[in-house]
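Both complexes shown next keep subunit A, but they swap its partner, so subunit B is in the first and subunit C is in the second.
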Partner chain A sequence: MIAEGKKRIWKDYQKEIADDRYYYARSCVRQNFFPGSEAAFLKILREELGKNVFDDPAHTSCTGIGYHADVVPLETTMTVIARQFALMTEAGYQNFVPSCITSFGLYSEIIETWHHFPETLEKTRKYLKQATGREFEIPDNLAHASDVIYKFRKEIGEKGKYRLVNHNTGEPLKIVEHIGCHYSKMFPHKGVGGAEYPYVLVGMIEEWGGEVVDYPERRHCCGFGFRQYAVKANRGYSLSCSHKKFESMEPYHPDAILTNCPGCPYFFDRWQYAISELEGKTYGENGFGIPVLTYEEMAGIVLGYDPWELGMQLHQVSVEPFLEKIGFPYDPEQKYKGKYGQDLGKPKVPEFLKVCC
Partner chain B sequence: MEERIAIIGGGIAGLETASQLSKKGFDVVVLEKKQITGGHVEQWHQVFPDFRDASEVLKNWNQHEISGQIKIGIDITNINKTNGLFQIELRDGEQITANAVVIASGFDLFDAHKKEEYGYGIYDNVITSAELESFFNRKREYLIKSGKTPQRIGIIHCVGSRDEKVGNPYCSKVCCITGVKQAIELKEIYPQAEVFCFYMDLRMFGLNYEDIYKEAQEKYGIQFIRGRLSETSELQDGTVLLKVEDTLAGKPLKLSVDLVVLLVGMVKGSVNNELKKWLGIELDLFGFIKPPDAILQPNVTNVPGVFLAGACSSPKNIGDTVNDARSAVLAVEKYFNHLKG
Partner chain C sequence: MGKVYDLLLKDVRFTEGMNSCINCGTCTAICPAAEFYNYQPRKIVDLVQSRDEEALIGLLKSETIWYCGECMSCKTRCPRGNAPGLIIIALRSLSQELGYFTESEKGRQMLAIKRTIGEWILKYGYCLYPPEMDMEGHPEQGPIWEWELQHLPEIFEKVGGNYNKPGAGTLRRIPQEALDELRAIFDVTGGTARFEKIEAESAKVAEKMGMDFQGGEDQYFKHVFNAIQINHHHS
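Right after this comes the complex of A and B.
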């Protein structure tokens, strides 16, 4: 591997990321899959970095899943997205930050379409006005939430209490990263580092002390493709995508998987359980799985946030081996306690996948 | 004869043009930006179809016979046409006056870095066809970084040619046969190695090309797989994993090889844009210099007194380049005869 070669490519794919005053558009599925991640994003930006973020309860889905599944027409998608931008405009913001990779890809695609086919922009303005009476401005800056964390990775690292380093050996943890297909595969120049050797997550891992592991199937889809998992008959394809990646990363013995997209961490996490049940195979150390973290969770852990506050007890693959490696103290008794200390009950223990309960 | 012809480029097109014009009594000056003449051929080891040493081909141009001058290490900063004369300004302050200019500035090789997914400049054992020629020439001790003898080699055709994604939908003409030639040369050095050529089409248009292709399969056992490379990745042992679509079998294919050779195509010469600015010549969609009539007058431009020779106007092999240079000489001669009435 020629490190300089990657650095040269990364230089070619830098993007402007606004410094402050963000209009935050949440993801439809993340709040169910990993509810602590978006809360952590807001906490990090507001409390650690002192940024102004508007978390608007009035925005809706971007229609991404329906759009990619061909059940929502393009004109409808454009109009819905125009409404999101109208809400941003009305709130006095110009910097749009979606939490979801698919939304980010879709916003990029629609803005690009409006740029190249101005008549579609005019139509959309007309439709939105007719339907809602609203008007909108196209954002000055569109950045995915991970771009924002990437931008402030140094500040987070400086404030951090923990490094991605094995506290027993002093060795950097080996981490594989997965950016999600819709982040930059459609528009390489809209992602930090481009599409082939993306840097957005690599930059965080390196800044926080870890070592990035490149593996042969790094670019492959995680299996969250909407036509794969949403259609029950295709779910085997979804599982086989994740399986292919686990088999490819296994020889490198990664300590964690860092993800960017709403679906990727979910599928990497849950399919490790499914594979263990189907094949009796696990990919982590000593019968555990490989812990899967969102970038907000990883930033939160670096900053010393309580893993259970971050919602990491909702992971199927236990994160405790990861926490122990970096010397992060946690209270196992609090793992399944509710906000007021009530017992939430423990999940069933899988037959093959070792978990901490 | 007093007419002076400035020839921009000292590759085979420029040398042949200079040689033939000189024989006809013109005063020529060859302006070469590198410190050595011979262009890309100078870097090559053997040439198709007869596997002759490229150095032997270059010996054809005995530069002492050229009556004018060959200037190397030349950096042109401007060209003006005033009163029918071309004033060529050089970086060192020298000014050259000529009655006509022959552009023989050739082509550049496609920058393989642009096909990021192929891993050139990222993975140790991904090289270009030009670098392979350099290996053949220098007889380096080892070809792959680990120093081990390659057991499997993948040659990728059409890198930067017939590729709309990089903006080059045209065919570079010489890469197919170059790939076959290089595959044979590799088999001669490493007889035990398996060599795979991944191609889109094999365009064996030249005399004997088809024979070489057949020999590559029958005598050397080189395997030709019709398929497009989608991406490469590096395995732990430094070998390169190829993901290919086998378009005959209609199936995806994965193969790990010790070495990947990218057959880089021809792209417009980097000087073409400046020549356009200085001289007012026209470029085609892909930046090659455009003659007003590519079929009947391939060597003239829209600017009287400015002529074209070789691959500056389109991809050409050595034979075509030599013929094109001779054709350019006829065009130059016709131009001066016409001026004299």
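Right after this comes the complex of A and C.
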């Protein structure tokens, strides 16, 4: 009885994630700041898991950041999203996989709006036809790219060469996870574990040997706030939110921060640098910051991919302390070199934040 | 029922977000903006459900509606199923539609958002694009970004990207046909009209302020992007 009751309760927190044949919609923020992550996602799905993923050059931004910065009207965003779905339909796919939490939240919101207000769906079909001549089907399955990695976390773990375990002590690494507000705060049933017990990143961490660290401000926003970061005069909002989280997680001495949304790791990475410059304060060990990883980077490291091909040299907070803890061999000489070993110089060293260069 | 409230009722985000507020303040307790700014989503929802026309117009002209970060934490927690964040989005849309956004310092920032994110979407097909995010506008990016900006093609090649090139891949050049379709969608659905409204209303204010208003990063753009001339925080 107890087990059945548990199953019934947890049924509300599960979501269906398609098994194969994905239409991949790239993220503006992830492509700009974590470009290696999207390449890693495709490599993992295609080469490790043998999945069919369509990477379409013709899709565009969903306009999500513009929508939530209030410069793009709802009807415009709906129709741009309808165009993405039209491209998916024309390519013969039904499973839509966005690489961005803002997009994922927006796709969820628009599909729900079409469901509850059918006249908006009809209007969108008319607008899209008028503007582009295209027609579209709503996806059968909408899953964020992290949902797909979560679905195959066991397979990735089994193929993996490294575990999230300190190779000197044998202890699991302490990982803080940050889910990204729009993953499930708006539509809890759309996220694995809902808004109360989001499990998408926790499942990865536990499967790959790490220990999830709970802390008071775990569910607080990273502080993007769209216009609150986009406009320089507002950026104190963004910085303050991240600062609140760093102060809250600091006593637990996390070895890394794992993120779901492409924006959150950017803010956690860059605001650690900004705080070090403003206050001389750092949150990692020995003057370093706390390394911040995307889920693709973490999966890639578990699988033994080269950290510099994963783009981890593009973090302002050095990831080397994390790599060293799990005993991951890397070549520091290649960190800032080009693909063919060409010398690209080196970034300047921050005044307070210690970095590996 | 006043005119402003009637207009709000036409926005599905408003009708979905506004049920019946019991003034419990749970939204304010969880709101990141309420910690940072002199802001209470509870008060916004309470005022809106009063349907007081004069107060609603005041709200559309106020600083208050621009403080929210649209994180939607309030939506999860409201015991009555309201979504103050959605109400805010509807208020901000209406403030722009009625030309009230230029009455507040935070509202006037719409010009900067239009000339950055708004125009980048149509120009590149992305909300962000590296060469547009320089160190002057984004000093928080740190020396790593300064280095990256100097070597974008080589770095993207190393990490499996396709920077500014045709075909698929990370930060590829979006095909012109796709950009043309994007622009056509903006024309048909009101996106272009909103951009034009923001420019037109901002031009009037720039003239009153005696500021240069030529497009791009002109004097008025720099002013609204950087200005903090009033106290937005708890005193």
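The definition used in the following text is that the second predicted complex is superposed on the first by the 345 of 357 C-alpha atoms of A that agree within 3 Å, B and C clash if a C-alpha of one lies under 4 Å from a C-alpha of the other, contacts with A are read in each partner's own complex, and residues count from 1 in each chain.
Keep in mind that, in the parts below, a residue touches a chain if its C-beta (ideal position, glycine included) is under 8 Å from a C-beta of that chain, and two chains touch if they have at least 3 such contacts.
Because the structure is predicted, anything quoted here is derived from the model rather than measured.
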>> Contacts for A:Tyr252 in the overlay, against subunit B (first) and subunit C (second): which applies, first, second, both or neither?
In response: first
>> Going by the contact rule set out at the top, does A:His182 touch subunit B (first), subunit C (second), both, or neither?
In response: second
> Between subunit B (first) and subunit C (second), which does A:Arg218 come into contact with in this model arrangement: first, second, both, or neither?
Replying inline: first
> What's your read, subunit B or subunit C touching more residues of subunit A?
Replying inline: C
>> A:Gln31 in the overlay: touching subunit B, subunit C, both, or neither? Say first, second, both or neither.
In response: second
> Does the superposition put A:Ile2 against subunit B (first), subunit C (second), both, or neither?
Replying inline: first
> First (subunit B), second (subunit C), both or neither: which does A:Gly203 touch?
Replying inline: neither
> For subunit A, what residues appear in both contact lists, the one with subunit B and the one with subunit C?
Replying inline: 195, 219
> Across the complex, what residues on subunit C touch subunit A?
Replying inline: 11-13, 16, 32-33, 35-37, 66, 68-73, 75-76, 83, 89, 92-93, 96, 106, 109-110, 112-114, 116-118, 121, 125-130, 133, 137, 140-148, 150-151, 154-161, 163, 166-172, 174-175, 177-179, 181-182, 184-191, 194-195, 198, 224-228
> Any idea which subunit B residues touch subunit A in the complex?
Replying inline: 113, 116-117, 121-124, 231, 233-236, 241
> Okay, in this complex, where on subunit A does subunit C touch?
Replying inline: 26, 28-29, 31-32, 35-36, 38-40, 43, 55-61, 63-66, 68-76, 78-80, 83, 105, 113, 116-117, 120, 127-128, 130-132, 181-182, 185-186, 188, 195, 219-221, 223-228, 230-237, 239-241, 244, 270-271, 273-274, 308-311, 314-316, 336-339, 342, 344-350
> What does subunit A use to touch subunit B in their complex?
Replying inline: 1-2, 5-6, 8-9, 194-197, 214-219, 251-252
